[in-house]
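First chain A sits with chain B, and in the next complex the same chain sits with chain C.
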Partner chain A sequence: MSRNWTRYIAKRMTALVCLVFVISLGTYSLMALAPGSLVDSLLGPRGRTPEAVAAVRQEYHLNDPFLVRYGEWLGGAVRFDFGNSVRTDESVASGIEQRAGVTVTLALMAFAMVLLVGVPLGMLAATRKGGALDGGVVSLTTVGVSAPPFASGVVLLYLFAVVLGWFPPFGAGQGFLDRLWHLTLPAVALALTAAAIVVRVTRSTLIRELSQDYVVFARARGISRREVLTRYALRNALVPIVTVSGLVLGYMVGGAVLVEIAFSLPGLGSFLVDSIQYKDLPAVQGVVIVIAVFILLVNFLTDLLYVVIDPRIRLGGEVDG
Partner chain B sequence: MRSAGLGERGTLDIRRVSAYDLLIQSLEEEEQVSDVTEPLRRRGLRPASAIAALCCGLALVACGGSSSGGGGTSSGTSSVQVIGGKQAAPSSAPVKSVTWGIGGTPQALNAFQAYDIPTIESLSNIQEGLLTLDGQGRLQPALADSWKQVDPVTYTYHLRPGIKFSDGKPVTAQDVIFSMDYSKNPKTGATNSGFYGSVQSITSPSPDEILVKLKHPDAMWKFIPAHRAGWVTEKAYALAHPKDLGSPTAPSIGTGPYKVAEFVPDDHLTLVANPYFWGPKPAVQKLTLRYFSEAGTQELIAAKTGAIDGTFDVTPVDVNQWEHNPNLNVLSGSSTQFDQLVFNTARKPFDDVHVRRAVLYSLDRPALIRGLLHGQARFATGWTQPETWLSVGVSAAEAQHRYDTELPQYQFSMAKAKAELAQSSVPHGFSVTMTYPASSTYLAKILEAWQPNLAQLGIHLTIKEQAVSQFYTGLTNRDFGIFVGPSGLDYPDVMDNPYFTLQSRYANPAGFNYANYRDPAMDRVLDAAVREVNLAKRADLSMQVIKMTADALPYQSLWWDNGLMAINTRLVFTDWNGWIQFNAPWGLAIKGAS
Partner chain C sequence: MADLTGVAELAPAATAVEVEGPARRRQRPIFVILAAAVLAIVVVLAAIGPQLAPHDPSAQNVLLGTSGPSAAHPLGTDDLGRDILSRVFAGARSAVVGPLLIALGAAVLSATFGLAAGFRGRRTDSVIMRLTDVGLALPPFLVILVVAGIFNGGYLLAVALLIALFAPWDTRIVRGATLEQAPRPYVEATTVLGLSQRRTMWLHILPNILPLIVVTACLDFAGGLVALSGLSFLGIGVSPGAADWGRMLADNEPLIFSNPAAAIAPGVAIVLTAAAVSVVGDWAYERLSGRQGR
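Moving on to the complex of A and B:
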């Protein structure tokens, strides 16, 4: 049994490393193809003497062929040396470390909101299917899915930070509680769309489960509605809900970009945007790798979770019974 | 029944489904499943909820639109006006803490790498050079307590005795020479090396004297020690941090009134008073610069709620949103910024002066100044603001008079535009594409307002949006026919902009002669104007340059922007002008309101 686990984990980790390698090459290529150049970023609109341009191209190896430059970066990366940010001169690792806290806190807060609000709301709508509450929830989720985080972020900002003044309008705050207070509105903006999806998936999966024969028989045997709902129907509905939750957590990190810009938060998302616009290759590569590894790990953990919650699922290609 | 989402055998070779797939699946299933415990109901689309959702969605996207246009405000004059109110008198009591908003984020806090506004505004309180500029654009002593122009190519500066850097180390002539040489070298001081173009050598004949020798007379050299290109950094410190100077671990060390207490890139910079500063102690003890993703709305909200105490990021276009706030004062003064029209004279049909005149006559500038800029700009009757003529000993009033009487004024006139085009090489019109950077909606509005007027002449204008970097790259690559964009002076000298943009030797990809204008007669007058030592003669030569430009029209300044800023009413900003934040320790100008 443990041999299966080891083999499976080894297989997945190898796949993860290969995928990260492909992503890094892809990102590097896209940055090289994108218009604009590091020379523009470093020299700005005024300092473009031929000597200055030549000096910049020399220092940042811009005259080397593409694969050579990528190879140089890769050589450092496998030793976990991502170089220095061309824009801020700090090491990429410390830049990411400083900003990761804000993004991770934001993503976790939003994720918690999605699960704590989305799943119960979906359950509620499923049990009152066809009623007014259900109709209201479905409409709300349609709004939630349609509203992009930056738009809902601006609305929340205006209503709760400017008009009502309950929350601060920008920044990440200092100290644990202050940070939670600052990140509440951004987390809500980020959570809205994902929560809508989780509500709909929970609702429809539960509706399907509640329509199964075993539910009728369980109720006929006298088991309470609540126990049928939580111990039987919800447990069986978990696989799609866990799947979408895993995808949502991955989306949180990526979607954090839009919210960070709207609320002026110094997180990984805005760091990534600034670095891309500046053509700061080391920083872009570093952040993309970190985000990619995070999403791949979340997917991996989600898959492992299936084995726990659904006894029919076995690791690898083994057939059970 | 099988549950959807699991593979055939329930193994972990599950087909990867996306959240979107699950959502669509769930919507489809709702149609099919009937619940045996509930009475049967017809299920179909719910029109009411769909329309409600649509309206909510639209409302969410449409929220945050611009507020209505503001009423009349002070017309631009060179004195500082407080829009809609008065500043209190400054008190002498210290102010514990001030938070200032800066739109954008600095790169490294490194004077040698500073060319963008957030970096410059952050460093100008920490670093200074031998000289500085005051509110009227006059040179004042800083690290040098006196200076002299010995002959047309020689300047000497006397170092103030006993000055120290903010880490306590003494300032020596070697630090000054190192900083200037570093900026002068195109390999290291890339962004600023152009300012040292006429310098032959910088030496120190005695420990408290700096001697600058020029290759030829250059009337603009005197501003460089007051410009950011002349900021002095501690030599030993810079050499000890070759790779990370300006990062949070090695922020710049200078001689200004403030020093760095904490730097969190992309978030904030905390400055505290420099105990070794040679000048007056600042009233503000702690100055925190707060960086925003972009200038504008976020800063406005922060200022309204009191989260920041002020900002320089008020523009003529959005000034109406900053007014009418009970806790804010908006100050309007002069500046060195203007919006400019550039013609690529190497590209047909813009090599024809009649085409250039026709295009300019068809632009209704007064209407744009009134409607788009809320009156916070002046119709440009010459190239540079009249205030810049102080550099040649001419008062602003006299300069304005000379502009009015000696220069052709291209007032809006469709009749004249048609007449000029009829005399040109393309009397029936032509097509042209003009671009604007994605961040500047006001440039887009100028082009949109212009389009119908040009259409009346038979000129078909296509408007395109570009990324900011592409917009400026297009300018440096001369990839345009007509260009409209912001411009400005590095220092308040009447020949600053004209010299670099008209000289034919700068009509190459590295130079700033974006119009590709080549005229040997103009070159001669330009060289004479910057080398002339006699102020009266220099004034005449400068006027000649401006007149030749107005006749030939490779460039035309459209309007001179007022310098705008906002500040909380609990504070007072003394002696505001639109260039102090780039060239002087502006933190000293903030005082408490009495």
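Moving on to the complex of A and C:
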């Protein structure tokens, strides 16, 4: 068993490294093709001299061939050195470090909300299938799935920060508790869409499981409703729920961009948008690689979780019977 | 099967649930009527919104500046004194045209590739499936954000990218439905009659999986609207000052203390339109697949 695990993890890690390599080459070529050169964004339209242009080209190695530049960048990137930002002239890696905290806290808070609200609500709706509560939950998810985080963010901002004044409207806060308090509204905005999806998946898989024969037999054997639901049906519904939770974490990276802009939070997402707007290519590359690695790791962990929760799924993908 | 995609092959259980979802998610008649009404209004506004608007959507009144709702301006004005209601009317156009193109484009692509993969099988299938794998690995919103942002992308570039990024998901759905149809007697009959594969796919299998394609296209419309307005919220894809719901939300967010309606109205418009399309999609699925009796 343990040899299987080692082999499987080694295989997946190799694939992961290859994928990151391909993505990095892809983004690097994309940046090289981008209109508006680095020289333009650094020197601006006025007062440029041939000497200044030459100096910039020298500093950023623009005279080297493409693959040489990519190789140099890659050599730095594996040591978590993405070069210096064109905009601030500070190291991109330290910019990412400073801003990752807000994004990670935001995503974790939102993810916790999604699981703590989404799964129980889906279970509740499934057990009362066809009732008024079920109907209400289903209608809510239709709105929730359609509500992008920046739109729900503005409504939340208005209700809870402007009208009621319970939460601060802007900023990320200082210290741990203050930060949690500042990030509550953004996290709710980020969690809404994802929670709606998790509710739907939980509800429909549970409804399918609850209509299976083993549920009827378990009830006939005198096992309580609650126990059948949590020990039997929920356990069998876990694989789709884990799948969708993995997808949700990936979605949150994109959603965080919108939420951070809507709530003026200094996180990775706003860093990415600022860098894109300024054509700060080293910073964009750095953030893209960090995000790609994160998403790939989440996918990997989701696959590992399948094996843990469903013994029929074997490492490497063979399924019994 | 014993490769890295093995586990992932089991994973689409969730996608399958979502695909089956609409059939179980029966919408109540009252919601369907409301949703259809919202859609009708949005479509009319997209066609002739600026003519129906009480004011010129881009007429500035800097002396008036930001003002709250009043008789002359039901939703108030923004910081340049432009009428919010008129701008919401005018914004309907970019909220319909782009998502419509995305839904149609993704539907055509996914029908072409999904039918071929599901019906021809073998090499066609494996080549198409490996291609969709690439698409499924990319988070759509981040890709268009980076690509459209770096290339100073306009609205149409964003639309084209979204078609390319939505198509792989839809192709999988169409392929799955085609696989389900392929062993049925009517398909065998077409083979016995000597119909060409192309004819069987487009004239016989397609009508049977059309409900699924319609509901998927509706979800693409909603997803496309959300993604496009997200991009314009970030200032990518539309020119500054354009009457676009996402852009208005971003521009008017600072007015949340003086005229909150200016920021909330475009957000409500986005959510209502997207929700209405998915409700109507669910309803159409039920009707087309003849399940309204159940």
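Just so we're on the same page, the second predicted complex is superposed on the first by the 294 of 321 C-alpha atoms of A that agree within 3 Å, B and C clash if a C-alpha of one lies under 4 Å from a C-alpha of the other, contacts with A are read in each partner's own complex, and residues count from 1 in each chain.
We take it that contacts are C-beta pairs under 8 Å (C-beta built on N, C-alpha and C of every residue); 3 or more make two chains touch, one makes a residue touch a chain.
As the structure is a computational prediction, the values presented were derived from the model and not from experiment.
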| item | value |
| --- | --- |
| Clash or fit, chain B versus chain C on superposed chain A | clash |
| Which superposed partner A:Ile261 touches (first chain B, second chain C, both, neither) | both |
| First, second, both or neither for A:Asp134, with chain B first and chain C second | neither |
| First, second, both or neither for A:Ile276, with chain B first and chain C second | second |
| First (chain B), second (chain C), both or neither touched by A:Ile207 | both |
| Partner chain in contact with A:Gly95 - chain B first, chain C second, else both or neither | first |
| First (chain B), second (chain C), both or neither touched by A:Asp81 | neither |
| Which of chain B and chain C A:Val288 touches, first, second, both or neither | second |
| Of the stretches 45-53, 117-125 or 351-359 belonging to chain B, the one that collides with chain C | 45-53 |
| Contact residues common to both interfaces of chain A (with chain B and with chain C) | 35-36, 135, 138-139, 142-143, 145-147, 151-152, 154-155, 157-158, 162, 169, 200-201, 204-205, 207-208, 239-240, 243-244, 247, 251, 261-262, 277, 303, 306-307, 313, 316-319 |
| Interface residues, chain A side, partner chain C - complex | 11-12, 15, 19, 27, 30-31, 34-36, 135, 138-139, 142-143, 145-148, 150-152, 154-155, 157-158, 162, 169, 200-201, 204-205, 207-208, 239-241, 243-244, 247, 250-251, 253-255, 257-258, 261-262, 272-273, 276-277, 279, 281, 284, 288, 291, 295, 302-303, 306-307, 313, 316-319 |
| Contacting residues of chain A [partner chain B, same complex] | 35-36, 40-53, 55-56, 84, 87-91, 95, 98-99, 129-130, 135, 138-139, 142-143, 145-147, 151-152, 154-155, 157-158, 161-162, 165, 168-172, 197, 200-201, 203-205, 207-212, 215-216, 219, 236, 239-240, 243-244, 247-248, 251, 260-262, 264, 266, 270-271, 274, 277-278, 303, 306-307, 310, 312-320 |
| Chain A partner contacts - residues on chain B that touch it in the complex | 1, 3-6, 9-14, 17-19, 22-23, 25-27, 29-30, 33-38, 41, 43, 46, 49-50, 52-53, 56-57, 60-61, 63-64, 105, 107-108, 110, 113, 115-116, 186-188, 190-194, 243-249, 264-267, 290-293, 298, 301-302, 304-305, 307, 467-470, 472-473, 475-476, 509-510, 512 |
| Chain C to chain A touching residues, read off their complex | 1-14, 17-18, 20-21, 24-25, 27-28, 31, 137, 139-142, 145-147, 149-152, 222, 226, 229-230, 233-236, 246, 249-250, 253, 256-257, 260, 263-264, 266-268, 270-271, 274-275, 278-279 |
